[in-house]
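Next come the structures, one after another.
Each of the next two complexes has chain A plus one more chain, namely chain B in the first and chain C in the second.
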Partner chain A sequence: MATLSLQGLRKEYGDLVALDELNLDVRDGEFFVLLGPSGAGKTTTLKCIAGLETPTAGRVEIDGRDVTDVEPYDRNVAMAFENYALYPQKTAFQNMSFPLNSKRYRVSEEEARKRVERVAETLGIRHLLQRLPRELSGGQRQRVALGRVLVRPADVFLLDEPLSHLDAKLQMQMRAELRSLGEMQNTTSFYVSHDYREALALGDRIGVLREGRLVQMGTGEEVWQRPADTFVARTFGQPEINLVAGELVDGPEGCLFRSRDGEIEVLLPNRPAPPGTSVELGIRPLDLEVADGETPPDTVKLAGRVYVVERLGRELEVTVKIGENLIAVVTGKGSKDPDEQVTIFFSSSRLLLFEAETGRRIDLEQEDVEAINRA
Partner chain B sequence: MDDNAPHGRKSRVRASDVVTNVLTVAYFVFALFPVFWILLLSLKPDKQLSTTYFVFDPTLENYTAVLGLSQGAEGIPFVRFFFNSLVISFGAVAIALLVGVPAAYAAARWKFRGSESLLFTLLSFRFAPELTVIIPLYVIYQKLGLFDSYVGMIWVYQLIALPFVVWILRSYFQDLSPELEQSALLDGYTRVRAFFLIVAPLVRPGIAAVSLISFIFAWNNFVFPLILTASHAQTVTVGALSFLGGEKPRYNFTAAAALIAAIPPLILAFSIQRYLVRGLSFGAVKG
Partner chain C sequence: MPEDLALTELNKVYRRRGKPEVHAVRGIDLEVQQGELLALLGPSGCGKSSTLRMIAGLEEVTSGDILIGGSSVVDLPPHRRNIALAFENYALYPPLTIEENITFGLQARRARDPQKRAREIAERLGITDILGQKPGALSTGQKQRVSLARALVREPSVLLLDEPLSHLDLAQRDRTRREIKRLQEETGYTTVLVTHDQLEALSMADRIALMNEGELQQVGTPEEVYDDPANLFVAGFVGDPPMNLLHGRTRGTERGMNVSLSGETSLPVANSSVSPDQRVVVGVRPQDIHVVDSGGPDVVRATVFAFEPLQETGLLTTTLLGVETRIKTETAPRARFSREESVRLRLDPDRIRLFDAESGDRIR
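Right after this comes the complex of A and B.
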């Protein structure tokens, strides 16, 4: 049980800057997920917290104590590695009880056995305790690695993509189990992942890392509904969010978004920036729907031609061509044929607008007062 | 036709088997004949030494004479040479492991300034001919009082054993994920404990293999003891040749001495052969 705080953390490998001014605070008992593509610096962050890498600059604090120069074995953190790092010459039982035999975390043999068995029971690997790692499947190894973390009460659990090597079905199952483990519920956990679904399912809060910088931090709902920029918006959601390049123009009814080829026009609730600003319009494929006759009121309608249809299990991903723009729509409605004329619509509250130059999101709820004055 | 086909194939298989076997036997004859010849030589009495090939009256007298149990080889303390070889070779391997295992581990895990040059220098000991350094070494050893001493010989054999230990074990350590030790660090163990509890047991086959190879190379070395020892610390390789000096060269004594000298490496090889093939191929070939 502890808080975790990274202050101005920076890590360089030669000329390469792996982490750049990373600031974040994880609350006591929180389950924090650090999300980012490979190479973003997720594992480096974990290893800096664990003490396996020495940061070039910045501080790591655990429970208010500066541990930047403390050896890993004195930090009281437990870590599950991406490649499991099970000791090949030890059985699952010996692997899991290994931390309990160390000088720092020693408990009696009897107590160690009890704890290992209890954790093994929760993880459903009790019958595998006498096996060597090479005799276990990937999923079982991952459970043993997780078990080795859970047997010892640590201040912080560090989990490096522990589910990434599992097949999809097992991943779903483990994702559900992971949060319900008692040990996880009480201990501050720092979880690293490249899978946005994992992040949304597990994280109390999510931090999005890009090229060593923290782009956004917030609850799953916040990062999903109000992404800080186009990078975050694209990270969450499959198929990816539709982004249409265009600019703001003044129309008779108010401020409009007009795509570069002029084929898409969307009336905005207010004028968030001066006319002529280059922007990108963002709308998630899940928020779009193909019209079936009448469309509900208060929606934005766009007409186009079906370009590609792909089946995603029960749903269809329909790509609609409007002018030069390709818009992906996920729909549960019946089959569509290529070249069919369709109308797609979405609720204007789902609309996202980004500055084209910086990629930053423009808040649509706020009028740009200056822009109005100028107009 | 259908009936004949399997017969045809069968006889063809048999023909290729015969060829394989003949070639194998031919190779064995080629490889083992010198050993066989030495064995014959070591069993021949003096009088038949240069007059017979395969038919003679075998005797064990050469062996007993070489070992000092009977007359004939006075003044040449072969048993002492043998003992010297044992002390020097085992000593050299022990020191090489003591220094080389930590060095190999460090070289595998940490890049530090000059680490590559250091490793290359070490390797260059192996491909530089011993003869190029032997004269300066002789002078240095004379001045330092290391000439003809155990310490001096064990030291100079580091040129042979240490590069093996460091280079071969380094690739063993590199094959192990550093995350194994990192995991042990987080499990509450110091670096030293993590090394001994987790890493060392995993490279045991490698340690066995390099110990054996460097022992054999140390045992077989000829040039260093030839120049750097006299009577006190002389080894079997040089000592066995003493029988060829004097008025009458005793080839049969030398043969017996050579065969006796081959025993320790053989015993060692057999006792750890379980590790050997696996050990050598494991570290060297990266997956």
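Right after this comes the complex of A and C.
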């Protein structure tokens, strides 16, 4: 059990800045997920924590102890790579129990066997323990490598996309298993992923990394409901959030969002920024609905034509064209025909607004303080 | 001019010296209507690509026939079949620009204003900015869209798309999928889409032909394949998260037929074609199981194993009393469950599907 803290972590490779001023704290026993696209610096961060890379600046602390200059072996972290390295001449069981033979972690043979079998059971590889790596599939080998990490006690588990080589169904199954594994629940875990669903499913908190910078850190609910910027908003959700470019204008009833082509106008609950500000309006496909006759009061309504209808399991994704804008709606209602006239609606409480220049979210609950002061 | 396409008793056997014979495609009968988009769906090695390659004329037919607009094409070379093909592994001409690659050969066919059409399609696929470039500089995702654009500007009798979205990232995939579907609807091209991705097939196809081990498993609309699977293979392949499949045995009681899943858990079944003491598999989708407050005939007891707050939805994994297989339930996104908590689940009786455990066939 331990806390993990990264302070001003920076890593340069020649002219390339891979990590830029990374600050984050992982609590004791927490499951933390670092989420980002490939090339964002996730694996570099992990290697700095493990001691496999030396940061250019900043420090790594484990349980309050500065380990920046400590050898990997003495950091008491256990790391599972995306590219597992197993001993080819040892069975899966021998590979998994190997760390338990070392002086530091030595346990009785009986205890080692119990631990390996329990972890193997959870990972669904118990029946494969007597096989050699070459007799296993890629996904099975990956689970053996993960199991090898989980059997030995550590202050922190470092996990680099450990489910990436599994097929989609197994991934989903393993996700639920991993979270409920006793070892995982008691050990601080730092998990790297590019899959937003994995992050939401596993993470007590999630850090979103983009080009070496931490864009946002928070619980799943926080990053979902109050994304820091358009990058975070687009990272979570499938189909992706609808973003419509436009500007703020003053109307007779208050501040309006008007799309660039003038075809979409939405009355905002207040004036969050001065008129003329270039913004993007964000609304998630799940928060939109296709009208069937009457629409509920206090909703924003938009009229358009059906562009395309796609089935997602039982639900439909209806893409509606309004002027030049394509808006995706996920609905459980009956099918629509292409080019049919439809009204779509959403509750204004679901609306997100972003500053176009920086991509940063504008808080709609906060009035335009500057404008109030001016008035 | 789009035409209809028919495959009759189509077989493909690969015979290589020193290797066992591979019967890759086994007696496929399939009709694709004029203007229809049919998805050939299946796992890798199921025979879908061999089927596509036979339609294109890139593979010889071992036996059976392929008819386009009612006439057999099996003896015609690829270029005389009036087919357009977008590959997973795009072959672009390196010395030509992207625009030239897209319009290549169109002048020869006296197509109407090919440049204009090429530009329109390029815009819709999001590749306008690279029209002047050479293929060498492109990413795989861009090459794939160029290959797609090249197939779409032709006016083929049959359009063949082989995993057209496989190299695109999630956002590009959404956009490209939407545009392919819209373009296909506008042009009315008869289209065969080969894919291993069930979501791609569900979202784009008018009908899906699901293949496994060289044989057709089911042909139907996305709705039919999703809600009315013909066998266990279809039930397990289509849907994300997949359908829950639970093994059990039927039992006659004074109140009707039950499926007993374990000593402690059983479900009533309203299916008159099962016989008592038959080994069956109960299939039910995660969105057709509901967490409820009180008991009832369709309600079973379960213990929470894990809960995943996916925000778009909640995904609850539980174990039914005495049942080894865990089941998944979709819940409201803001639900809260803790491990080992007891819950009651109602399995919607109208949505339960029964399969014979031996043959895997649906019991209707």
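Here is the rule we use: the second predicted complex is superposed on the first by the 365 of 375 C-alpha atoms of A that agree within 3 Å, B and C clash if a C-alpha of one lies under 4 Å from a C-alpha of the other, contacts with A are read in each partner's own complex, and residues count from 1 in each chain.
As a working rule, a contact is a pair of C-beta atoms (placed from the backbone, for glycine too) under 8 Å apart; a residue touches a chain by one contact, two chains touch by 3 or more.
No experiment lies behind these values; they were computed from the predicted model shown.
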### Query
Is the arrangement of chain B and chain C around the shared chain A a clash or a fit after superposition?
fit
### Task
Examine A:R148 and indicate which partner it touches, taking first as chain B and second as chain C; both and neither are also allowed.
first
### Message
Output check: A:K169 vs chain B and chain C. Expected answer is one of first, second, both, neither. What do you get?
### Response
second
### chain B versus chain C as contact partner of A:A50, first or second or both or neither
first
### Query
Is A:K336 in contact with chain B, with chain C, with both, or with neither (first, second, both, neither)?
neither
### Message
Output check: A:P239 vs chain B and chain C. Expected answer is one of first, second, both, neither. What do you get?
### Response
second
### Summary
Once both structures are overlaid, the C-alpha centre of chain A sees chain B and chain C separated by an angle, to the nearest 10 degrees, of 80
### Which superposed partner A:R118 touches (first chain B, second chain C, both, neither)
neither
### Task
Minimum C-alpha distance between chain B and chain C after superposition, to be given in whole Å.
13
### Task
Mind sorting out which residues of chain A both chain B and chain C touch, each in its own complex?
none
### Message
Under the stated contact criterion, what part of chain B meets chain A in this complex?
### Response
177, 179-180, 182-190, 193, 198, 201-202
### Residues of chain C defined as touching chain A within the complex
170-171, 174, 177-178, 181-182, 185, 199, 202-204, 222-223, 226-227, 239-242, 285, 287, 305-306, 308-312, 315, 317, 326, 339
### Task
Flag every residue of chain A that touches chain B in the complex, lowest number first.
47, 50-52, 71-73, 75, 77-79, 81, 83, 85, 87-89, 98-99, 102-105, 148, 152
### Task
Spell out the part of chain A that touches chain C in their complex, as residue ranges.
168-169, 172, 175-177, 179-180, 197, 200-202, 220-221, 224, 234, 236-240, 286, 307-308, 310-314, 317, 319, 326, 328, 338
